[in-house]
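These notes open a run of structures that come right after.
Common to both upcoming complexes is chain A, partnered first by chain B, then by chain C.
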Partner chain A sequence: MAVAHGHDDHHHGELHNPMEPTRQEQIVMNRFGLWLFCFSEVFLFMALLAARFYLWRDPVQGALRPELEQGPALIFTCVLLVSSWFMNRAEVASANEDMKTFNQSLAMTFVMGLIFLLGVIFYEWGLGLAHPHILPTDGAFGAVFFAMTGMHAIHVITGLIFVAIVWRNGNLGHYSREDHWGVEACAIYWHYVDLVWIFFYPAIYLIGIGVHIPGH
Partner chain B sequence: MKYFLTSALTKGLVGQILTFIVSYGLIRNFRKTVSGWEVPAPELSGWQAPYDEPAMVLATIISLFGFLLACGVVSDWLKMMAGQKPHLKHGAQGKPEWTRYINIDVNHKVIGIQYGLNSIFILLVGGLLAILFRLELALPGLQFLQDGSQYNTLFSAHGIIMIAAIFAGVGAMTNYLGPVLIGASDMSFPRLNAFSYWVGVPSAVILLAGIFMGGWDTGWVGYPTHSTTTQMIGVQMFLLGFYLNGFSSIASGLNMVVTAVYMRAKGMSYFRMPIFVWAAVAASILQATTTQTVGVALTMVVAQRTLGMNFFTPVISPELLAAGVPAGDPILFQHIFWFYSHPAVYVWILPGLGIISELLPVFTRKPLFGYKWIALSSIGIALVGMLVWAHHMLTSSMPPAWKIPFMLSTLLVAVPTGVKFFSWLATIWEGKMRFPTPMLFVLGAISVFLLGGLSGPILGTIATDMHLHDTYFVVGHFHATIFGGFVFPFFAAIYYWFPKITGKMYDELLGKIHFWIMVPGFWVMSLLQMRVGVLGMRRRIADYGSDLGIQVEHALITVATLAIGWSILIMLYNLITSARKEELAPENPWESRSPEFLAPSPLPEFNYLAPIEVVGEPYDYGLEGATYAVVPTPAGD
Partner chain C sequence: MSDHSHSEAKSPVVDKTVYRKGFNTFIALAVLTAIEYFVGIYLPSAVLLILLAVAKAALVMNVFMGITKLWREGDHH
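Let's turn to the complex of A and B:
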């Protein structure tokens, strides 16, 4: 296990903290910190959901939603959810020091996450489509749709970067049975981003009466 | 000078400015020449901005990264991503000790002082603005300002700058005191701690840049639809600066919670934690969670201005309207904004109230009354505080049926707050009181916070708020809560821990003079603000009629403001001259039982030479033979 303690990398005259937490203690704190961060982000996504339910409604009809194509959205959603399974597999593999499964699973996670991301950007947002389904300027529909999917997409992008870093560091041999915190953190984050989508997807695509946006 | 020019601060600022200029130029050019694409100007205002607003926004965001990369606060993380294992660098790295304060340093005490110096500096800037517009308000009519718009920019800047100062002050107290009081050597995440501080610097730069770009006239709340349509482009800088500061809040909140859970000394159960730490944790929970929502609100305004996304304007094109597509709603902003900004006021005061509870037993030589109740009341205030936000919207078009529950929850906050007051009274009761400057400020804080606390429920009651909303009564209310809950306790903490931080003693006489100018000054200011409010003086207005009969009050408020300003200068003079004294302060000037006063001053790099152990209750003052903590003493002394 390659922990800083083991190396003699303290330069001359540099101070050493006699009470520095051990690597294992630090991992326990990291884990709690990451869960707290996830909890903190709950408030971010809740605020977006609140905006959605506040704005997408009609005094008489109740909840509204923009009429969007259901098929592709469902497919992208499934792809993202399945990627979570591969992420979990990668984590288990790194705990077992099984590099082959680790590499395969991470690659699958990355590809599936990328498919989701590209699906959102090029299909749902319609970048590059001649006739996008919805534009940011389409009233509260456009505003909230792009805010929710955009905020989620930023998290997917961070997740993809995270996966790439973990893949590289894994192949540099940085993870072991005792200490594969990097992989674990990546997995928690990835599952969390998927979980958020489980709330966002029905809120955007399923709940409420569909309204056709003119001009699309 | 050499050290200054090569410091992280200088590098960061240069990096920020350069990235801003380069990216602004590139984006501007790209939009103009390459894509030919122009973002629609804000709806409803057929007005052309002096700058390319969207390019400015994007360049500002990029400039943050410029700062962070150039100053080096993220380099360790980048190295980790690249597969290296950088180790924490402690100490001054061979440079003079003072350079630590302008360089990246992971030590929580250094970061605490950085926050503190920042806070005082920003406080002076904000105070100067306040004095400017108080001079304007001293007499009816316009004195030296050209128009109301200038006045609006002054108070808008004052508000947000003071809020930044308060957050920095809270950061100073929690960072410096948190780990020390629980017997830890540092925070759980020292690098994140440094990041929390340093991300605040570029956001302060962005805020200040906003002022130089002509300012903004939206007040600190930035309500749409004014903020989405105002022609004062500085509003974007205000929104971004406010937003980016949120990262600082979230990160430091997380850090403090984890630290308090995992880094406590041996034997320090939760109910033996110093009471300040409880308060800091309660504030940190709020910081780490609710800050996210204000981020959403501010991003939405930025998005509406720059991308034409309609969140907040109840106007929509006839075509979309006919199809049944919903429009935006400005009330949404108020909900999301206050869901954060009400809890934020508790972030400002909870640490301060913790300081009051922490210091009272020391100076009354008695145990803290109802320790557990105070500890839990902090958490209670934090939790109930998340459910009261709409009391800022009692006069808005929110459905009346929603207002009643918010009135009730608002009045409920008075319960945990009352718990604190009664505990303070009971702690003072029959105490053997001593009155050095920190104690005076603690008592002043209690008296002033009482004013603020009593005016709160009056505002939270719908019937009275109908009359008082948006008047100077509100201004009086929140200045009293903020001074009582933050400013006075912060000053008490500065005086109290000054000998710990510097190893020197401040000048007691000057401290007392500071107190006896500031407290009466504040009482006059706050009470008269409330009075002119009740008599009909509206807030956020440059002028008032002489027929309101409130000239004398206004003139007195201005005099009081000036007095407060001078008294703070006295404090600064006192602190600076005392820090340069030769003579050393006594080891434990207050006869405190707290572990930090059993260790040498100034504290060593890692606070304690070896782990300390807690063996008793924290506030058993006056009880024979009671010990709180066993602290190893330096060998060879």
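Let's turn to the complex of A and C:
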């Protein structure tokens, strides 16, 4: 987990090879690489959004959407938003070596992310319900809904693993005021997951005319 | 590396104002989400909803993700 560790060569008293990048230069390159990775993933999520706007459409009525319950979707969206705030607190705390706030905030980020994930799996996908609102077999509505929420959920799971690793490394004292790249990388990734949901939430639940799915 | 006592020992007095920017952004995002919800339910306008999403995304990218660090901190080297 090279990305999650925060070793600074200067701390070890080693002579710096001028041919090799300094830790700060390395962080600048790491940051650029992570943003490139995020940008490459935009194409994947844009493809899913394109499928949504192309397939959930009627030539006469215009944009459509499956008629889903609004309340729980709004609550889960707010939960993810709160998790983003806690992640920001954790990052600021690590930059200020406020380890108590770092620990609490990162733990809250994990809990909120887990609530969001379980909410999607057991409520939105209906795995905990006797009569699910929508199934993958419900034509274009079901296929696109599960593709979008499924792809996002996989990223939430990855983010939760990342948060857990960074929390552990933070407790082992791997981050300092000068070098907390692991926390910053985790924060960028977690906010990126939130960023994707910012576009997915209105696309799935708000835009278009609600259509009742037969058999539900 | 250090053990668990390392993190417990580090509890310096921190200026709580450093957290304010994140909190203010969180409140702005919450307000925009509430507006988004009411627009979606009572005034279904796709254009308005997309604009609200873009505004929220700009806030997240600028404040939470720190996109400006890409060129600000890159310039020092």
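We adopt the following convention: the second predicted complex is superposed on the first by the 198 of 216 C-alpha atoms of A that agree within 3 Å, B and C clash if a C-alpha of one lies under 4 Å from a C-alpha of the other, contacts with A are read in each partner's own complex, and residues count from 1 in each chain.
By our rule, a residue touches a chain if its C-beta (ideal position, glycine included) is under 8 Å from a C-beta of that chain, and two chains touch if they have at least 3 such contacts.
Remember, it's a predicted structure, so these values are computed and weren't measured experimentally.
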Partners on chain A (chain B, chain C) - clash or fit: fit
First (chain B), second (chain C), both or neither touched by A:28: both
Which superposed partner A:174 touches (first chain B, second chain C, both, neither): both
Touching partner for A:216 - first (chain B), second (chain C), both, neither: neither
Chain A-centred angle between chain C and chain B, computed on Cα centres after superposition, in steps of 10 °: 120
Which superposed partner A:206 touches (first chain B, second chain C, both, neither): second
Partner chain in contact with A:97 - chain B first, chain C second, else both or neither: second
Shortest CA-CA distance in Å separating chain B from chain C in the superposed model: 9
Doubly contacted residues of chain A, that is, touched by chain B and again by chain C: 25, 28, 32, 172, 174
Residues of chain A that touch chain C when the two form their complex: 24-25, 27-28, 31-32, 35, 63, 70, 74, 77-78, 81-82, 84-85, 87-89, 92-93, 96-101, 103, 170-174, 184, 187-188, 191-192, 194-195, 198-199, 201-202, 205-209
Chain C residues touching chain A - in the complex, by the definition given at the top: 1-4, 6-8, 10-12, 14-15, 18-19, 22-23, 25-26, 29-30, 33, 36-37, 39-41, 44, 46, 49-50, 52-53, 56-57, 60-61, 63-67, 69-70, 73-74, 76-77
Interfacial residue positions of chain A with respect to chain B in the complex: 2, 4, 7, 9-10, 13-21, 25, 28-30, 32-33, 36-37, 39-44, 46-48, 50-51, 54-58, 64, 66, 136-144, 146-147, 165, 168-169, 172, 174, 211-215
Chain B residues touching chain A - in the complex, by the definition given at the top: 40, 81, 83, 85, 87-91, 94, 184-186, 188-189, 250, 253-255, 257-258, 261-263, 288-293, 295-297, 299-300, 303-304, 307-311, 316-317, 319-320, 322-329, 332, 335-336, 339, 605-606, 608-611
